[in-house]
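Pasting the structures in now, so scroll down.
Across the two complexes that follow, chain A remains constant while its partner is chain B and subsequently chain C.
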Partner chain A sequence: MEETQQQLRETAKRLLAEGQVNLVIGWREGTMRGRVQPAFLTQPDEAQQLVWSPLCNLNLAKYVRGLPPRAAVVVKGCDLRAVQVLLREHQLKREDLYCIGVACPGMVDVSRLDELTDDQLRSQPADELLDPHCLMCEANIPDGADVILGEVPRRQPAAQDPTLAPLLARAPEQRLGHFVQAWERCLRCSACIKSCPLCYCTTCFAEQIKPQWVPRRVRIQENQMFQLGRAMHLAGRCVGCGDCQRACPVNLPLRALNARIAADIAELFGRWEPTDEELPTFLRYEQDDTEAAIEGAVKAGPR
Partner chain B sequence: MTKTTTSATQTATTPWEPKIVGILCYWCTYAGADLAGSSRLKQAPNVRVVRVPCSGRIDPLFVLRAFARGADAVLVSGCHPGDCHYSKGNYYCRRRLSVFKRLLEFIGIPKERFRVHWISAAEGQQFAQVVNTMTEEVRRLGPFRWQEAAGAAAQQGIAGR
Partner chain C sequence: MQPALLPKERLLPFLRDLATGRRLIVPVRDERGTRFGALPDEAGAALVLDVVNTDESPKEAVFPQWEPLFDLRDLGVAPEVEPVAPEVQPWLLFGVRPCDCRALVLLAQLFEADTPDPYHSIRRRAGIIVALTCVQSSPTCFCTWMGVPLDRPEGADILLTPLDDAYLVEALTEQGQKQLAAAAGHLQEADDKHLQAKQAALEALRAAQPAPPFDASDEASLHSLAEVVMPEEQEPFWQAIARACIGCGVCTLGCPTCTCFDVNDDGIGEHAERYRCWDSCQFKFYALEASGHDPRPEQWERQRNRIGHKLSFSVDRFGQLTCVGCGRCVRQCPVNIDIREAIRHLATAASRAKTP
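Presenting the complex of A and B:
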């Protein structure tokens, strides 16, 4: 990853020096061990601040809306996918953004930071150290970026989803208890919203007053509305980058919901790629879409 | 003084009754419900009807808010596919609520508490049947109380990570 980091710095320096872009968004070292910060570079000699390591988990697509042309952003596979979803949703123009792709070997699981050595925080992670989001990654090479730095093998998602499998093995009442106990910790702090590139509504449904969907109370009744409502608003759009899960100060089971919805969509309607010609999953339908959810569809007479 | 109460508080004289919110499309199921009424079919009185112009109007947040505000179960019903008054609203509903229903089942809400049906304006009998069946199923399951769900898990020694 050291070599790719050097290529990244050179690319950023060149883009700024040649005037191809007036801003480069990347990662720089953070203030605490195990963290990176977003870096917003405007001068060529600032490029040496950029880093590339298995700690570069922040999805920089968060910052690409509303920029004056032309900007460059460093993107892993998931980050580029988020940019592509934003493009599909007409949030920016492709020509206003230069995507510096980095082939991603996976990010380290920072929830286990205390167990990890400094060396492990710098080098390509072994599978057992990977963030669960990265274990299920299907797009670690950012195909479609303007340039792709680094070479890593294309990932295949793990056979079993490490978040979903243990939950599905439990009885429904146990799952309900698990989620309700967790959601009682939810502070409604919106860290998940603020970190997510696809949560860009000027007024989030959770903040809306007219109508007030979610009353201003922090208790399970309202928290479940927020959690499940947000998951549904991201349905078909979530790119599985994991920023929300890492941002949550009380470690809520956010991935479980998003991963479950993504798996269901893949099974019922086929996984949608933002580069597909077809409309996003819920903006279209097929005549023969599954009726499995329609219980005991009671029909009168022949159809 | 006798009183009938529909609030969550119970007195010794008012046993718990299932509260089911029914979100029905105006052109089909709502008309079907009306037919059930004018045909004097025997129906449980436990369904509170919310009328929407089309099942495609139904936002999952409607269902979640019903559960937040004390519903024990939610019934959604609209026109049969192909018969939507607005041509395709129910197709969008079908996709959206299929995923949503799976999500609710995944988090552990019993499937009897959220049902989606297609009931046409002529199907008064089917509407009454669905109402009665669903009321009985929910009566068997008991009231839906969020706080108690966590308590049950705690008793089984399951921590919510």
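Presenting the complex of A and C:
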């Protein structure tokens, strides 16, 4: 990854020096072990600050909306996917953004930081050290970026989702119990929403005051409304980057829900890729759309 | 009272006896991380003694995340308003680190200043704090910068200091001394060498801390730091340090000294409730006024407000810093915004301002 990091610095430096862009968004060394922080660089000399390591998990697509043209952003596969969803949702113009792609070998599981050696935080991670999101990654090569740096094998998602499999082995009511129990501890901070590159509503339903969809009391009723609302607004759009999961200060199982909804949407409405011609699942309506969810609710009856 | 010794293996029975008639709250680890809570099992398996400070602070003991204030009935022109008094069982909080001890003192200072807040008062008066001396620090700790006393944590009633195979037990208040009587059977005599061992451990800890960028014990130094937060020439700095901020509020909700709350009404039909819940100056609607004006429309202004509150506004109002250096905001920020960088920068700016 060191070689790619060097190429990344050179590319950023050149783009800034040639005036092709006036801003480069990338990652730089953080202030503590195991962390990087977003870097916003405007001078060619600053390009030396950029890093590329298996700690660069932060999805930078959350910073690309509303920038004055023309900016560059460093993208892994999932960052680029998020940019592509934003493009399809008319949130920015492709020509305003230069995407510096980095072929991604996967990011390390930072929840196990204490077990990892300094060397493991710098080099291409072995599969057993990967973040669960990366094990299920379907787009580690940022195809469609303006340039792609580095070379890593194209990744196939693991046969079994490591987060979902144990959950799916349980009966449906137990699965619900798993989430309800977790939502009890939701702090309602909004880290999951604000860290998401695809949560960009000017006013989130969860913070709206008039009308107040979700009272701010922190009880299971409100927490559940908040968490389900968040997850459903990402249905068919979530790129599986994992920023919400990593940002959550109380370790809610956000990924499990996101991944399951994504799988359901793909099954019920067909897989949608941000590069597809047609509109995202959420923005599309067809006469013969399945009503499986509604039928299921009717069959299950009131709880 | 003379300091006493508690063999380490007797900690749990000691705590249970010490908390007789009180709810025992201790540092625990569960799926959500580390926090203060009840011991879930008899063996105390979840008791956390190996982390310096828990992910969540103990402030919920005196300032719960949300609580009802009033019950409202016969909604209409003149609803019946019934205050809801908190039902508080006496509690004993064990394992509070010196930073969090000071935080609880600062909360009391704020809530009890001017018009005392009865909800806080009732809770705080029901509690006994048993502090735990830090003999190691985590990479995000900077309490020594903030002048937090390590050998005699503020506001604590009892102090336990881990030595080799025992805890040194000291009563710091009269109430602490009284409470210790309930658990006296577990204690043995301590002597000078145990007190010296405590001092040696603290010396080693202090020596291992990074040098403070300013002198928190010097009033002039505090004020010169406070003065450099708001001037216009610092705006580019605030814009730069907050550039990555996503406004999630984790830094404030996790902060042991953040006290902001919002008051909301909610109800259906004939019954409603007025409650308060934690709020965050990082949130979009926090400072928005009914007129539509927002005094801090940009995220960098909200970060400056947060850090300014800790380092400047509190110095103006109380003559004190309200950051205790626990490092939670540093640890939990999803984009690694680090208040220590702000402190270093401001300290440099302050010393530059002093030299003519």
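Before moving on, here are some points about what is shown:
Quick note on the criterion: the second predicted complex is superposed on the first by the 283 of 303 C-alpha atoms of A that agree within 3 Å, B and C clash if a C-alpha of one lies under 4 Å from a C-alpha of the other, contacts with A are read in each partner's own complex, and residues count from 1 in each chain.
Heads up, the rule we're going with is that a residue touches a chain if its C-beta (ideal position, glycine included) is under 8 Å from a C-beta of that chain, and two chains touch if they have at least 3 such contacts.
Note that the structure is predicted; figures quoted are calculated from it, not measured.
Once chain A of one complex is fitted onto chain A of the other, the partner contacts of A:T203 are limited to chain C, with no touch recorded for chain B. Within the superposed three-chain model, A:M225 lies in touch with chain B and out of touch with chain C [touch as defined at top]. Legend: residue contacts after superposition of the two complexes on their common chain; A:E173 is shown touching chain B, with no touch to chain C. Contact with chain C, but none with chain B, is seen for A:F40 once the two complexes are overlaid on the shared chain. By the touch criterion defined above, A:P69 lies against neither chain B nor chain C after alignment on the C-alpha atoms of chain A.
After overlaying the two complexes on the shared chain, residue contacts for A:P157 are found with neither chain B nor chain C.
Once the two complexes are overlaid on the shared chain, A:G270 sits clear of chain B and of chain C alike. The wider contact with chain A, measured as residues touched, comes from B rather than the other of chain B and chain C. Touch criterion met: A:I294 reaches chain B, while chain C stays clear of it.
In the superposed pair of complexes, A:N251 makes contact with chain B and with chain C alike.
The interface of chain A with chain B overlaps its interface with chain C at residues 182, 185, 251.
On chain C, the positions that touch chain A within their shared complex are 31-33, 55-56, 65-66, 139-140, 243-244, 246-250, 253-254, 262, 264, 266, 275, 277, 280, 283-285, 330-332, 334-338, 340-341. Interface residues of chain A facing chain B in the complex, by the touch rule stated above, are 167-168, 172-182, 184-185, 205, 213, 220-222, 224-225, 228-229, 231-232, 235, 251, 253, 256-257, 260-261, 264-265, 268-269, 281-282, 285, 287, 289-300, 303. By the touch criterion given at the top, residues 30-33, 35-38, 40, 58, 62-63, 182, 185, 187, 189-191, 193-195, 203, 207, 209, 212, 215-219, 243, 246-247, 249-251 of chain A touch chain C in their complex.
On chain B, the positions that touch chain A within their shared complex are 60-61, 64-65, 67-69, 80-82, 88, 91-92, 94-111, 115-120, 122-123, 125-126, 129-130, 146-147, 149-150, 152-154, 156, 158-161.
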